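Labels run A, B, C and D following the written order; every chain starts at residue 1.
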């Protein structure tokens, strides 16, 4: 039960913040307009956070996330603008562009994944290298400029709506469900979690851990490419630094979502809720006209606060002697807590 | 141990030497004393901060708030100097104190609330940076007192600059050397230093033999803050102006230098020597690419590939020695 | 207070969330005695030790008297200062530090110095290593040592302290006969110099060899303290488990046709010229000293490491095994010797651990996991192997050693292997569980499975093997039929350098 | 004095947001009373850099003078994605006019279109957005002219129109910097064919420290270097510092766009020859002024005299406004400015 509570507490925080913002600026925050615009903004970042999460669950990290997204967007954008100006059929152009985007991203994922799993270099080092490398390639292709000149119809992916629901949101939901199923309902997902906890024992059990890991980076790359398609469509262009500020933000969202930074634990629901929280905060505070810097301060404080609440929460649980199965560190924690409780009692 | 760590750093050292040779063959200016001195001076802030980052990384932690801390401290010290005095000693004192204070906050959160270091410092990064920018609105501080600027211009013993003239060693480099030395002594000769390695290797056992994780964490993150303070003053003494935005994205550079230098991001391993190699590798790459006249659009590609190749060779090398290692002595 | 006792514990209880692990325990260790603490897996021995060493705090009401003085609160450091040194079951060493540092660091801390005196560290470490008779270089990194050597280091570390009592939690679990002998010599010399030893082991012969008094725990409860002469083997067992148990030689089954053969397997620096044939329904043992290269052979056979030369033949056909995946596909299962690291994903549930080898069986149309099927399989094996607690959702790390081992075995049996390679199957497992595992192995063999058991524990080897291979320095040096050989014969082959008289 | 004003402004902002309904109705009443208290958003590429701080002052001043509410806000990083998000939130908030300095023109086209659909007046300032979506385009200067002017001054400072020079820019992907540089290079190709650019423009991440280091490296990599152009405000300062340290004031000419207060110490000893910029405060003022004018249904005309700004030029398309020629800051006049 304890494991669920972390995620549900986040949901609680989300509801609280949502309600708070609604009360503070009822006419604006709850307007269809604002809800829609939040739903337009969330997906690109949400997808990147999911992409980061699957990697963090294996105990890795992907610093090349945003530069992969940029490179993939730029390649897709090239395809779009070249074929568009050459007068190809629009449907074909868009299809080719998306395929190019996805393939570029998968290639990036393949490079990351194979060096990490088959050579065995630690993820932070590999992605540090590829982050620079992909950015360099993007720069070399674009010379720093933006690629634009897309067909009108491409605009739809990032800006269209179906029954008032933004298209990117629909895409996002599809991929949330896909990621959820992949991680929590397939053998591959089980292997991801198992090897995130203990790759050696997983390998000893006859699982090809390297393949599992490679697939994680490929899956992460897939999510990245979807995000990049949405971004290029929303910004109607592609450029080397689009979304560069998402890198640390996505790590923030993932850890806020309860994922263990050391690997082995992390739920789709947690990460998605965390991105929702960040979105509501940023839009809500913007609507209230709070200075951007103060928004940063509040975000940082919320991050620490939520994790602190998590900590206190698990302590209260302990006091009421709920049956729980703690991880090693938690049991240490409980021991130390016991001590403090004891001291408190004596004193 | 000596042998083991030497082995761990030897690959990256070889890569550094190769790069130096390649650059020098292309442009002999690279090894000219004035270039070397400029290069080190330009990277003192990175170097000093890497020493702080090294100790946390050895314990398996990380501090991504370093950029925000340095920026905030440059502002604090800058404002102080503009409004009160350009006394160098006071500047260092104030900087160290504010750095230690920032670090203590990180340390307390990590030790007492058991929030993972990366999360804590992501949070404090955002808070410190936001608060500092709210306060300054990004405005530069220009009127740094003359006395402090003069301090920044001090050079020590002249050495030939390779062009017939002489060049002095800038005072900033001394601080870099000092930071490296102190860190080395702490890691090598102090009980707490061994505790840092012990925690990185096996935190549960470290507690069992009597180390207090909380105390060490408090010390560690304060130490990082202290280094940030020193780095901030050194930076201001070089730039003579304070730009509150000068350190965005700096944390990644620091982490990069430390991990490329062979420190294990999971904790347990890392040396001052290795980190120095990491810093020099980054510095040499940045410097050398321009000296070699490599077009700017290729520079990141080259840098990325060098990092990938360096770390891959390192791992392959270690794997091979491990495979060759005889486990059983057969008659 | 009674000055006879170094340590006297009374009314010690310990409650973990959800479980009372110790219930009113008492323990009194006399000065200069070797005191055995015995009990089945999960009886609470390690927990009691952790209380003594200050790692855990007991529940209220406990009375702890050390050296005649009542102690209010024990912390790790005050425990060391009171003269209690511990060799933990999991060693508690630092893999990233050198042997010298591992041995001497805690000494320095205890002395309260702020800086390190390297020459002193080396001196202290050297002395300690000499004392345990090791040939270990103090400059080696601990992580690069074998488990056996690490254990020696852990022992050496405990000796450094100016201890009044040394607690050893299963110190012999991965030591070879020679090293055990050495350890006992050390224990005797400690005793002579007035130092008490609290000794935990599941190897009863060892206990009787050195211990003077026994304290028996069962299910967290205190059963009693006995002098060695009051006890014999059977009585001790019945006190521990509440019933009678004994290693009985299980007679061999009808042995079927050849199942699996290894021909001329060699790997530089690991093993050489390994050849043997395993038949259906047969249990063969690979025995020898720790470090003879048995684990290396097993790992090569199941794709964890590679080999340079040789053939592996399964049911008459040569097979290639390049990965653990290949091994599983060919029906080869390997239960590794270090279950905490290699055998289990400790923080995941028992269920997840068990189904890891049978992912195909629990997926529907190769895509999604069928939760119900997964649960069924797990429950089935939990029941079959009597794993306790029987909840499939509990994390593996919360099980005691013996039950953890059962989970590993369950995982492999679930995959329905043709060949089971099992490395030190009963290492750190209590006598009751041991016999059950032996029975289980026998039963599996009688159903036609071929079993290769790697074990350093000779009584066990003698009890269940059909054939016994002795390895020494990477080679098979002797081969015996089960039941036709004595411990002494095997030992002499494992140790000596002259060719053995094979029967 | 100005700082105090900003804090004051934000304070009123905050009180308003946290105020009770009564207050809000009061403001609303006021609004109907005056009937035309416009809300104008002025969004820079990013907040918290000196240049855009200066323009904030001007914009807020104009708001005060003209009786309109000016919201000056922008992302904390020069990231197009962040800018789009903020624009979306502001559209939800409901404003009368958005004037934006795009980090990337193409990226904000969709969101600007959305704004127009909602009936919001759309302007660009500082950096042009997609011409088809804006109602007015406020330029401090004509990009091509500005680039050419910088290169002319470079040649003047070098004292010769032949020799090697290099460029250090803020970032490779900054559209307006690229436009100036491209214009400058094109101009040089025509007018000074013997001027040789030694390497591609070098990025400095908008940091003085990086520009300083890159300049040192350039000086060594190209020993015959006679001039360096620095684009983006921190760059010329960093370059000048490098030149000063190496004592090359007389050998290497440095020009670029920089704020006068920052560049003063370097202008004084000649390590920085010319800083060329306009008054960002005026640009902010002009933007708000024109926005108000447009909201009132009027259009600016060529040569019109704007209070506190001066006369402006209007391009033939009727919607591109140019504030006027840049100011050149030198050792003599740098002290007269306060930005």
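Points worth noting:
We take it that a contact is a pair of C-beta atoms (placed from the backbone, for glycine too) under 8 Å apart; a residue touches a chain by one contact, two chains touch by 3 or more.
Nothing here was measured: the structure is a model prediction, and the numbers come from that model.
Relative to chain D, the most remote chain by averaged C-alpha coordinates is C. One inter-chain figure worth recording: chain B and chain C are separated by 44 Å, centre to centre, where each centre is the mean of the chain's CA atoms. For the pair chain A and chain D, the distance between mean C-alpha positions equals 34 Å.
Between the CA-based centres of chain C and chain D the separation comes to 72 Å, rounded to the whole angstrom. Here the spacing of chain A and chain B, counted between their Cα centres, is 29 Å.
Contact of a single residue of chain B with at least two other chains is seen at positions 133, 204, 207, 297.
In chain C, 55 are the positions where the chain touches two or more neighbouring chains simultaneously.
Residue numbers of chain D whose C-beta contacts span two or more other chains: 47-48, 76-77, 172, 203. Chain pairs that touch one another, listed by label: A-B, A-C, A-D, B-C, B-D. Touching chain D in their complex are the following residues of chain B: 27, 29, 32, 34-35, 38, 42, 45, 133, 136-140, 142, 235, 238-241, 243-246, 248-249, 286-287, 290-293, 295-297. On the side of chain C, the complex with chain B involves touching residues 53, 55, 76-77, 80, 86, 88, 91-98, 100-101, 105-106, 108-110, 113-116, 118, 139, 141, 144, 146, 268-272, 291-293, 296, 473-475.
The touching residues of chain B, counted against chain C in their complex, run 1-4, 188-194, 197-198, 200-202, 204-211, 268-269, 324-331. Against chain C, the residues of chain A that register as touching in their complex are 181, 185-187, 189-191, 193-194, 197-198, 200-208, 264-265, 318, 321-328, 331, 334-335, 338-339, 342. On the side of chain C, the complex with chain A involves touching residues 16-18, 55-57, 60, 304, 323-325, 327-329, 334, 336, 341-348, 352, 355-357, 359-360, 362-363, 367-369, 394-395, 397-398, 411, 415.
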